[in-house]
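Both of the next two complexes hold subunit A, though its partner changes from subunit B to subunit C.
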Partner chain A sequence: MVGSFIFVPILLLMIVNVLSFSHKSKLHNILFGFGLLTALAQIALVLWPNKNFWQLTANYQFNVIKFNLAADNLTLVMLLAIGLVGLIALIVARGLINDVDQEYNFTNLWFIALTGMNGLVLATDIFSLYVFIEITAVASFILIALTKERDALEGAFKYVIFSSFATVLMLAAIALLVFFAGDTSFAAIANAIKANPGNSLILMGLILYLLSVFIKSGLIPFHGWLPDAYSAAPAITSIFIAGIVTKVVGIYPLIRFVQLTGTLADPLRNILLLVGGTSIVIAALSALGQTNFKRLLAYSSISQMGYIVLGLAAGSALGLAGAILHIFNHAVFKSLLFINAAAVEKQTGTLDIDKMGGLAEKMPYTGATSAIASLSTAGIPPLSGFWSKLLIIIALWNAQLYFYATVAVLASLLTLGYMLTLQRKVFFGQLENAFYETKEAGWQLVLPSLLLAGIILGLGLGFPWLINTWLIPIGKIL
Partner chain B sequence: MSFWFFCVCVIMLAVIGVYCLLYTYSLMRALIGIEILIKAVTLLIIAVGYFSQHLALAQSLVITLIVMEVVIMVVAAGIVLGLHHYQKDLDIRKLRELKG
Partner chain C sequence: MRLGNLEIEIIIALFLVLTALWTVMARSLLRAAIGLALTSAMLTVMMYKLNAPLAAVFELSVCSGLISVIFITTISLTQPLTWAEIYEHERERLSRFRPLPFIILLLGLFFWLVKVDLALPTVVAEKVTDVRVVLWSLRQLDLVGQIICLLAGAFGVTILFKAWRGK
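Up next is the complex of A and B:
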């Protein structure tokens, strides 16, 4: 039954496209309705788990390929985040894209990306993981180049090159690991790693795998493509890709990696710590100097992913729980901030934060929700971002990684610095003359913003309840 | 032929691919570089399957891999075509609009 997360979206997509029975605008409304239903069903299935649905693990066997699917607690959280950001992106697309053709294309690609991401988090073997990463990646290449503008194509091309190179590294890692495991399943690989401690070929395979997911998630120093792709992509694509796609494609395989290797061997752990720490600091410093709204958010994304990597490197259940909560939080506040950026761009026609000012007066909902999201990013209590950062920092401290714990705390101040600069330049201060006529963006943008801001507040306030019922059980998968 | 002979071939192909990626100024040749790299890794998978007695598994992996590779290359070529439409040539040095 878990397989329906993969087959339902792709079947709906095929039904609508193969039986294209009516005019495109009508067809698009049908597809949009199907999309809403799929996303809502996905959220409902996770929030109100039905034992019969989740316990039957799907087991598909064809002649050529066989792939098994299974869900654990981590998968549930990822499915929830995918469903939530997917739903939001679908609604916002209604308000942002005016061209029926383009909106239809977006919804189609949305379905493919959803299929890929659902499959990715349900996969139990490393080769299925690769296949679903590629499905998601192909959909996101086209999503970035959706408008066929020059900058969008440039961003997409850089993403293609980096992503393909990462794919090559991942395939090499798969080959080396399969050589010892004899099978592609995570369990067999974990056994092979345990059975051959200190084997240099296995270590090489693991390092290649790590490099590959670092490139895919755009961590420093492998971030060349990420700011370009995020800032050049159309507004709706930025929301979807920054909110969920890079997290699922890059960070989720990293979590599975940590799970595979169990308690991390020293060289691997040092690599994770180094890359995570560097990403946090360098990306936060780069964000300070940005004048493009979306580019600033892109660097902020890299910095936040650094926190997730540090949480994983702590190697304890607490660190893992913190990292996973931060993935969910990041999906919520980053998509909210990108929606705000889209609203500002739509109403004022620019993304240059030096030209803006005082917009909160004219766009009260956008201003208020972006303030909540910014503070959550910086980790101000009682917003949800505070709790996940706190868990990560405590986990680092408990693992006696005092230096990295200090870096994580101090970099929070940098985050606060660039986020407040952004707020002050865009939403506060003197209203610029050019923006006297500016109005609030339509309900398609305001409603999702309010929903996401509500989730940030609710998660933050409900955290004491959340930690024992959801988070600590997730950390136990280690 | 030993496993290491295949490894040397794979590494040679990989070096050619990386060289192609680093030293070309053409968008299309960059894609060819990626293709060569994927060929290297395909050879590695086959060699691994053969020498670890899991050839059937390796074959099914390689077939899936070839399908995925074609899909990616088609999309990538489409993007290159789109860029060619704007800048009328394939010079990679013109991809400098986005920076900061």
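Up next is the complex of A and C:
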């Protein structure tokens, strides 16, 4: 039945598009309704799991479909994050996109991206993983270029070029690994890695795979596409891509990599530590110098993904649990911050933070939720971001990686620095005359912001429950 | 003179490089699309020679056939460049590709002379030759994935290029 995560979205999409004799706006309302139901069902299936649903494989569906899909606890967290951010993006799109055609196009691509991401996290085979990465990437290219404005097309083009290069590396990695495994399943590859310790060709395959996912994640020094794509994309695309797509396409395959390799060989661990540590520091320093709201958030995203990589490099159940919690947290607070940026841009017409000031007075919900998301990003207790960073830092310390643990702690101060600067320049201080008439953005933006802020607070306060029921069991997949 | 296997493979590889170069250096998008189809065709022959008939069939049908159709459809939806624009494009962008053939030749020569022994394990050529088993049992999920990928491409063409005609 888990195959429904792939089949249902694509079938609904096709049904609505086949019915294209109807009026576009009516058709779009149907598609939007289907989208809401799909995302809500996905969230419900994860939060209230039904044993029959998760245990039955797709083999039983029509006796012709034989998919090798599987869901462990990591998959469940990813499906939850995909459903949540997907739901939020769909609602926010209603408030941000005025053109019916464009909104309809967005929803179509949303369905394809959702299918791609669901397939990716359910795949048990490295080639299927690659196929679903490509589906998500193709939908993302088009989503970035959706408005067909020059900057958006440039951002999309950069993403295409970087992504194609990453694809070549991944295919080369798969080819090398399959040489030894004789099969593309994760299990066969894991066995081949264990059976050939120290084999230089397997190591080369693993390094190529790592480079590929580093590019897809936009980690430093492979981040050339990310700030441009995030800042040039339409506001709704930024929310969706920064919120979830990059994590599913880049970070999730990295976690599976760590799972496949078991105990990380020293060269691989050193690569992860170096890339993770560099990303945290360099991206945080770059964020300090930004004046464009979305560009600042883009660099902040790179920095936060560095924490996830460090958590994985720790090579322990605790580190993995911290990394996965940080993926979920990052999906929530980064989506919220991008919604805040979209609300500010919509109401003021600018993203230049130097031209803003005092907006919290006119946009109280946006201001308050933005403060919560910023503090969570910086790892201030008791917000959810604090706990994930704490787990990662403790895991690094336990693994005797004292230098990287210190880097992670100190970089949190940098994060606090640029996030507080952002808050001060945009929401606090003297209200600029130009924004005297500014009002709060519509409910389509306010409601999702409140929901996400509630999740940040709820996860932070409910952490003792969360760590025992979800996180520690996930860490045991190692 | 009867050509040996190695000579035939070298000739195919040479044609593959030439058609690939033609693809990236072609003056018009249409020619580039045709070049890509030819490159795929060369790759098909190479795959067949390397004892991978199924991969060859897919390369020919999907890359050389289907993808080319999508490219050509897309191109037909966009406005062609004027000769002045083509000249400008060639002057600014294509000049950087000129060293490319020499680099490829030098690399080929290097690997030919150095004879790097990669010590790869012996690969068993495609064990299952029945296309039905491969498609409907082994790679069913990937097949569905490919269809969704093509669907995404079709949406991309419609969304990004359709409105450009006439602008």
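Heads up, the rule we're going with is that the second predicted complex is superposed on the first by the 468 of 478 C-alpha atoms of A that agree within 3 Å, B and C clash if a C-alpha of one lies under 4 Å from a C-alpha of the other, contacts with A are read in each partner's own complex, and residues count from 1 in each chain.
As a working rule, contacts are C-beta pairs under 8 Å (C-beta built on N, C-alpha and C of every residue); 3 or more make two chains touch, one makes a residue touch a chain.
Values in this document were obtained by computation on a predicted structure and should not be read as measured data.
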{"item": "Touched partner set for A:Leu109, first subunit B, second subunit C, both or neither", "value": "second"}
{"item": "Subunit B versus subunit C as contact partner of A:Arg295, first or second or both or neither", "value": "first"}
{"item": "Contacts of A:Gly119 with subunit B and subunit C, given as first, second, both or neither", "value": "second"}
{"item": "Touching partner for A:Asp151 - first (subunit B), second (subunit C), both, neither", "value": "first"}
{"item": "First, second, both or neither for A:Phe127, with subunit B first and subunit C second", "value": "both"}
{"item": "First, second, both or neither for A:Ile161, with subunit B first and subunit C second", "value": "first"}
{"item": "Touched partner set for A:Phe240, first subunit B, second subunit C, both or neither", "value": "neither"}
{"item": "Contacts of A:Phe179 with subunit B and subunit C, given as first, second, both or neither", "value": "both"}
{"item": "Which of subunit B and subunit C A:Ala232 touches, first, second, both or neither", "value": "first"}
{"item": "Partner contacting more residues of subunit A (subunit B vs subunit C)", "value": "B"}
{"item": "Subunit B and subunit C contact sites that coincide on subunit A, given as residue numbers", "value": "64-65, 127, 131, 134, 138, 141-142, 145, 148, 179-180, 182"}
{"item": "Subunit A to subunit C touching residues, read off their complex", "value": "6, 10, 64-69, 105, 108-109, 112, 115-116, 119, 123, 125, 127-128, 131-132, 134-135, 138-139, 141-142, 145-146, 148, 179-180, 182, 201"}
{"item": "For the subunit B and subunit A complex, residues of the former touching the latter", "value": "17, 21, 27, 30, 34, 37-38, 40-42, 44-45, 48-49, 51-52, 54, 57-58, 60-61, 63-65, 68, 71-72, 75-76, 78-80, 82-83, 86-87, 95, 97-98, 100"}
{"item": "Footprint of subunit B on subunit A - complex, ascending", "value": "64-65, 127, 130-131, 134, 137-138, 141-142, 145, 148, 150-151, 153-158, 160-161, 164-165, 167-168, 171-172, 174-176, 178-180, 182-184, 227-228, 231-232, 289-292, 295"}
{"item": "Parts of subunit C lying in touch with subunit A, wherever the complex brings them together", "value": "118-121, 123-124, 136-137, 139-142, 144-146, 148-149, 151-153, 155-156, 159-160, 163"}
